[in-house]
Structure formats: structure tokens, C-alpha cells
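The following block contains the structure, expressed as C-alpha cells.
The letters A, B, C, D, E, F, G, H, I and J name the chains in turn, as written, and every chain counts its residues from 1.
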Amino acid sequence: MLFQVQMTVKLPTDMPSNQAAEIKAKEKAYSQELQHAGKWRHLWRVAGSYENVSVFDVEDNAELQEIISGLPLFPYMEINVKPLCRHPSSVHDGDA
Amino acid sequence: MLFQVQMTVKLPTDMPSNQAAEIKAKEKAYSQELQHAGKWRHLWRVAGSYENVSVFDVEDNAELQEIISGLPLFPYMEINVKPLCRHPSSVHDGDA
Amino acid sequence: MLFQVQMTVKLPTDMPSNQAAEIKAKEKAYSQELQHAGKWRHLWRVAGSYENVSVFDVEDNAELQEIISGLPLFPYMEINVKPLCRHPSSVHDGDA
Amino acid sequence: MLFQVQMTVKLPTDMPSNQAAEIKAKEKAYSQELQHAGKWRHLWRVAGSYENVSVFDVEDNAELQEIISGLPLFPYMEINVKPLCRHPSSVHDGDA
Amino acid sequence: MLFQVQMTVKLPTDMPSNQAAEIKAKEKAYSQELQHAGKWRHLWRVAGSYENVSVFDVEDNAELQEIISGLPLFPYMEINVKPLCRHPSSVHDGDA
Amino acid sequence: MLFQVQMTVKLPTDMPSNQAAEIKAKEKAYSQELQHAGKWRHLWRVAGSYENVSVFDVEDNAELQEIISGLPLFPYMEINVKPLCRHPSSVHDGDA
Amino acid sequence: MLFQVQMTVKLPTDMPSNQAAEIKAKEKAYSQELQHAGKWRHLWRVAGSYENVSVFDVEDNAELQEIISGLPLFPYMEINVKPLCRHPSSVHDGDA
Amino acid sequence: MLFQVQMTVKLPTDMPSNQAAEIKAKEKAYSQELQHAGKWRHLWRVAGSYENVSVFDVEDNAELQEIISGLPLFPYMEINVKPLCRHPSSVHDGDA
Amino acid sequence: MLFQVQMTVKLPTDMPSNQAAEIKAKEKAYSQELQHAGKWRHLWRVAGSYENVSVFDVEDNAELQEIISGLPLFPYMEINVKPLCRHPSSVHDGDA
Amino acid sequence: MLFQVQMTVKLPTDMPSNQAAEIKAKEKAYSQELQHAGKWRHLWRVAGSYENVSVFDVEDNAELQEIISGLPLFPYMEINVKPLCRHPSSVHDGDA
């Protein structure tokens, strides 16, 4: 089951740079593990912004919550979730 | 070059049903031609709404404008465009 | 899987009253069938407004889309969807 | 009398983790006591967010205010309240 | 139990003037009956606008819904409802 | 001359509790003095929120400014002011 | 007593041009009468828009309501009102 | 050339009171010098708020920028600018 | 003196196509005359939308108002105006 | 390929003035290098505000992201990006 998730990162401007680097490294590892596991199907950056757009493929709402709330950057993000389903005009096998 | 495009369809409630059906049929044909051509990479419906989410793969801004303004439903939609680029944490070849 | 759905009905003020009555009757029948089937778990009116709040229990996003887009009042509503999951502090068996 | 209450928790990102844990533990105990007492009828998490959705069953507006303002997390939340009443199409005994 | 209700009237600009006058007359009669009955405690106009501010004194949410949805101008209004309760600093007997 | 004033208090979450208590005590005294003087005609709490709704009876705009800007909590509030006048449908002597 | 009033005119695009011209002529006459009477102290157009900004000098809120609701364009405008008072830094006699 | 400028002052609540007093004194002197020079034509306070409304009379956009960015309170304000021009219905010589 | 102007065209969906074509042709001629005259310095389309972005070079606010209000599409547009001035970091002669 | 970028700078009011001056100097140097390289085609200040408006000429979305995220003031800005393309009514060679 697919969900589109927009995340806008807002790190406090007074966070020490090594602390910021550490959180971002954890975030990257966490994200890549989920991508390799097939749970995090797409990850794009919105050009010229602090915003990312992702598509998650999860079992249900509970798994989405578990994945999102486990993000190392979770306390520093604005998050917007949209449940997706197949569009009747789509010809792509993967759009579902 | 990728763009995320959200479209929310707002057909006038007094449009005759055969006219609405005709426009939707044209929209479907137009959309599927572009999907087969590789320009319209993803097309999802946002569950429980009038909204779609798409990812387009175009040469440049001008081609995006040409495709979007040619949509049969263009006069009846609210449209939001976001330019996408590769996220440094993405592991997917297609996320660019 | 649970979803909270807020619906605000906006019937055109120039719709003939018998047409409005007919759509509302269909909506009621459609809604009660889904309530009896266990798909539409709660339905409340927001006091002093045109807004309803519902909780749906569906298999997945696709079934939510099917149910919502089938509402007789669908063309006349503003709709907001939130995916729900169990809260770790809930003590109620049904809150999931 | 029922009220829907949406709460979005915004803990300061510089709050020490043990202080955050203590407040959350108090919040959980407070919440579960009210759930067992029948005052806090439903409690869900909105998947992928900091937001909760609840349904309270109280005597009147004053009791709602007493319960909400007593929440240990009250100073750290954005709160939205909607008064609910029975919808004429509801078939559920508890939707009132 | 008190509720503050803001109502902004938006009559269609093409409504015939005698029809508008008839609805407004019904609204006035309906409103004054409820004021005399003690249900509609205050009614003010916001100066320089189409907006009114009222305070209702009702048994519960259901009675509020019954009164508001019965307004002859109900289909032509934007409505905002806030549940009120006694403020601990109030010295006025009637502020509850 | 009447004004409706909505105030939402936003005390900094790191303000020492004795300082918060002192400001609130001053606010209460200030408010009650103005209520007894007939300037602050109504004061309600919006149930389940940080918001208050008041009705002030002042000589003119300048007196409103003097009273509001003198509130001990003035630096910590979001404030919304609406000038009120008599509604032609009101039957209450005091609604003006 | 001064009020700043912003008005944005939204004439229906299908209003016959002679009807639009007639309303605008009435509006101009009404406005100039009030300007000569000293009630409508300033009237500016916001460059490149449908918006006007005015300053009214009235006895009280009731007179403001009487003047604004009497505008021939009143049913076709969005209106925003702000009560003004003397700023302690102003050196202009007329700023009050 | 006239511009309407709305300014809302948001001093940090933890700024020492003598520092706040010093900035406000500088702001007053700066403002009065520009008023005497004919550049700052009107200055009003919006009653019951932190907001001011001004009308500036400047040579061009560049002079407006120079004046506004030189305000001692500039780093602590939200600012909204509207270019004004003569309204064809105005009878006042100074409204241009 | 430069102004940035964003215009979003909203033609009524029931306007006859020949009437729409006629207005657009007039708009194009009007626009190109002003571009050749040096008043309309830039004109871009925002890709995938109904929105244009322009830069105008005018004598003053009054000339901007005259040009914008003379647009054949003026009654069908949402318009946003921003006064521009030279940025101290600009190296381009024309950015003023 | 052109993009319009609006940037609003929000430096923390407690940032030491020498640190602010250093960041601004870096920003200026970075900006002027890109202007000389032909990547940053226009840079204007919005008069009376903290906002800038720019037009960038880049190869693709990825280059836009690289340039914007490299801005020394990037962590302190609100940024809005719009993809531009040639408007069919433009007569200027450079508007593309």
C-alpha cells in the first residue's frame, strides 16, 4: 500500500554542526536500509528547498507510523501524508 | 528532468454528464499516450479525494508547460508543480 | 485499517429542492448499508455546521477510494482524509 | 455529550530527554485514567505525524475545559475542538 | 451551556430582491423567537461587514445543531462555532 | 461602544512557574477591576483551548487601545479585535 | 474616531456593462457626498489591483456600519476594517 | 508617490527592558524626523494590537526601501507594503 | 521604476471559445505594444500553470495602475504586485 | 532554463552582529560570482521588506538545487521556486 510523504527539515540554526552531521548520517543509513528493504520506494529532493518527497510501500497505516516516527530527523520535520491508490488511467504496473 | 505535479479536478456540477464523460475519455487517452512515451512516469490517485499525484520526465520547463496546458481537463484543475532532483540518500537508479 | 474522514457538504443554492432531497436520500441509504457492513464505523455531525466526521474501517487505500468516490454527494463535498493507527496510550480494544 | 479533539504535540527540541519522558509518562497515566472512567472514549494516532485524534464524552463545555487544560502536555500542544452530535443517518447506538 | 457563533451571510448576488427580503424577514422572526425564549442570548453586528456574532445558551450540542440548521439563512452562511465556559477571572454572574 | 476581543495566551514554555503565576495574578486583578468598572462587560474561556473571548464597552478606539495594551499578558498574546454595533434583529437592550 | 477600511471590488464577470456603469456612478456620488461631509477622510486606489484603501472619520461603530452597508457596491465587495487611534510618535495633528 | 505600510512589532519577550526602551526611543526619533521632513505622512496605531498603519510619500521604490530598512525596529517587524495612487472618485487634493 | 507583477488568469469555464479567443488576441496586442514601448520589460509563463510573471518599468504607481487596469484580461485575473529596487549585491546594470 | 526564486531572509535577532556581517559578505561574494558566470541573471530587492526576487538560468533542476543549497544564508531563508518558460506573447529575446 502506497503513501506519498512530504518532509521539510527544519534544524535549529543553533544546533552544533557535528550534532547536525551525526543526525543526518543516521538519517541516511536508516533511509537506505528501508529503501533496500523495499519499504521506501522513492526519495526525491524538491529543487531549491529543504523539502523531500517520498513514496512508501507499507503493509498498513501502523507500519507507516512506525517507519516515520523512527526517522532520526522526526523531531525536526514538518510532515504531510497522502494515501495513494491506483489511478484508473495509469498504465504502469508499479503505480499501485 | 523530473517534476511532481498535483492536480485537483473541479468539474462544474452543472456540466452535462455526457460532456463530462467525453472530456474524461480524452484525458485518459492523452494521459496514456504520454505514459507510453515515457514522459508521464507515475500517476496515482490520492485516496478519498479529487486529487492526483504524478511524476513527469521532461526535457525542460517548456516541455512541462506544453504537456500540462494540453490536458483536456486543464481548464478545470488546480495544479501544483515541484521541480525534483536526485536526493543524495536515494539508492534507486530511477530517482533522477 | 482506520481512516478519519471529514466531509463538508456544499450543495449549490440553486439546486431544485426535490433534486436535493433525492440525493440526500440516496446518500443516507448508501451510508447505512456501509455502516451495517462494518465499513463505516462512526458517523457524527459537527454541531452548528455543514460538516460531518466519520471513521471508516477498510482493507486498504483502494477500498477507501472506492467507498468515498461512490458517495452520491461526492461531487458536492470538500473532503479531508487522515490515516489512523493505534495510539500506544489507548486502552480501548476498538481503537485500531 | 461528545467532542472531537485534535492535538498536535510540539515538544521543544532542546527539552532534556528525561524531562520529556517524564511528561509523556504522566500524560499516559492521566489519559488512561480518563479512558477507564469513560470520559475519553477514543484515542487514535494520525499515522506519520505528531497528531492525535480523540473523542471525549463529557457533561458539558466546562468539563471538557477541565480535562483538556489538565493534560500534562497541555502547554506543548496545538488543540482543535469540534462539538459533535448525532447524525440523522447514523445507525450506531454509540454515535451520540 | 454557552456557544459563541459567528455567521457571515453570503446571499447570491443574482437572488431576486423580493426573495432576499422574504428570507431575511423569516430569519428575523426566527431569531427573535429564540431570543425571547432565552436560547439566543446575544446578537451583534460586526461593524462594516456581513458578519454577526452571537452567544447561544443551549442544553447541549444537539440543541445547538437544531437551532443553527433551522436558520432560514443557513444555506447562505459561513458559520464558526466555539464552545464557551466560565473564565476563572470573570466577576459577571451571567458569564456561564 | 462595544468591541469583541479574542485573546490567545502563549506563555514561553521556559518561563519560570513563579514568574508565570505572578503575571497571571496581575492579569486577574487588572481584569476584575475593569469588569467592576463596567469597561469589560463579558469574559469567557473557549473550552479546550488557550483562548478567551471578551466584550469591552469603551468610549472610543483610544480607550480600547489603552485598556488592551495595559494588560499584563499583552506581550504574550495574539489578539483579534472586532468593532460591534446593534443588530436590527436584536431584542436585547444590552446588545449595543 | 478613525477606521481604516480596505475594500476589494468583485463584480460578477457576467454583469451587463450598463448595469455595472450605473452602480459605479452611484458609488462615486455616494462616496463624494461623504467625502465633502468630512466622513470619508481619505480614498486611495492600490496600484495594479481591484482594491481601495480608505480612512473614515465617524462618531462610533454604528455610524461606520451605516455608511459601509449603504455603499452601492456593498454586495460586491470584500471588506476589512481596522479601528485606528493616535500613535504616541505621531507629530501630525490630523492623525487622530 | 504614496505607499501604505503596515508594521507589526514583535519584540522578543526575553529582551531586557532597558534595551527595548532604547530601541523604541530611537524609533520614535527616527520616525518624527521623517514626519517633519514630509516623508512619513501619516502614522496611526491599530487599536488593541501591536500593529501600526502608515502612509509614506517618497520619490520612488528605492527611497521607500532606504527609509524602511533604516527603522531601528526593522529586524523585529512584520511589514506589508502597498503602492497607492489617486482614486478617480477622491475629492481630496492630498490623496495622491 | 520596476514592479514585479504576477497574474493568474481565470476565464469562466462557460465563456464561448470565440469570445475567449478575441480577449486573448486583444491581450497579446496590448502586451506587445507595451513591451515594444519599454514599459513591459519581461514576460514569462510559470511552467505548468495559468500564471505569468512580469517586470514593468514605469514612471510611478499611477502609471502602473493605468497599465494594469487597461489589460483586456483584467476582470479575469488575480494580480499580485511587488515594488522592486536595486539590490546592493546586484552586478547587472539593468537590475534597477 | 529559467527559474524565479523568492528568498526571504530571517536572521535570528540574537545573532552577533559580526557573525551576521560575515555571512552577508560571503553571500554577496557567492552571489556576484554566479552573476558574473551568467547563472544568476537578475537580483532585485522587494522595496520595504526582507525579500529578494531573482531569476536563475541553469542547466536543470539539479543545478538549481546545487546553487540554492550552497547559499551561505540558505539555513536562514524561506525560499519559493517557480519554473519559468517562454510566454507566447513575449517579444523579448531574453525571456527564455
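Some points to look at:
Everything below uses one rule, namely that contacts are C-beta pairs under 8 Å (C-beta built on N, C-alpha and C of every residue); 3 or more make two chains touch, one makes a residue touch a chain.
Just so we're on the same page, UniProt names per chain: A, B, C, D, E, F, G, H, I, J = Muconolactone Delta-isomerase.
These numbers come from a predicted model, not from an experiment.
Within the contact network of the assembly, the step distance from chain C (Muconolactone Delta-isomerase) to chain G (Muconolactone Delta-isomerase) comes to 2. Shared contacts of chain B (Muconolactone Delta-isomerase) and chain E (Muconolactone Delta-isomerase), meaning chains that touch the two of them, come down to C. Remark: among chain pairs H-I and B-C, H-I carries the greater number of C-beta contacts. Taking CA atoms, the transformation carrying chain B (Muconolactone Delta-isomerase) onto chain I (Muconolactone Delta-isomerase) includes a rotation by 70°, reported to the nearest 5. Per-chain CA centroids place chain I (Muconolactone Delta-isomerase) at a distance of 22 Å from chain J (Muconolactone Delta-isomerase). Computed centre separation for the pair chain D (Muconolactone Delta-isomerase)/chain I (Muconolactone Delta-isomerase) is 50 angstrom, with centres defined by C-alpha atoms. The centroid of the Cα atoms in chain F (Muconolactone Delta-isomerase) and the matching centroid in chain G (Muconolactone Delta-isomerase) are 29 Å apart.
Centroids built from CA atoms put chain J (Muconolactone Delta-isomerase) at 45 Å from chain C (Muconolactone Delta-isomerase).
Counting partners per residue, chain E (Muconolactone Delta-isomerase) has 2-3, 45-48, 61-62, 64-65, 81, 83-86 as the residues that reach two or more other chains. Viewed as a contact network, the protein chains fit none of the simple shapes, being neither a path, a ring, a star nor fully connected.
Chains that are in contact with each other form these pairs: A-B, A-C, A-D, A-J, B-C, B-I, B-J, C-D, C-E, D-E, D-F, E-F, E-G, F-G, F-H, G-H, G-I, H-I, H-J, I-J.
Taken in their complex, chain I (Muconolactone Delta-isomerase) has these residues touching chain G (Muconolactone Delta-isomerase): 3, 5, 12, 61-62, 64-65, 68-69, 75-76, 79, 81.
Residues of chain I (Muconolactone Delta-isomerase) touching chain H (Muconolactone Delta-isomerase) in their complex: 1-3, 60-62, 64-65, 81, 83-86, 96.
Taken in their complex, chain D (Muconolactone Delta-isomerase) has these residues touching chain A (Muconolactone Delta-isomerase): 11, 13-14, 45-50.
Contact residues of chain F (Muconolactone Delta-isomerase) toward chain E (Muconolactone Delta-isomerase) in the complex are 2, 4, 27-28, 31-32, 35-36, 41-48, 51-53, 82-92, 94-95.
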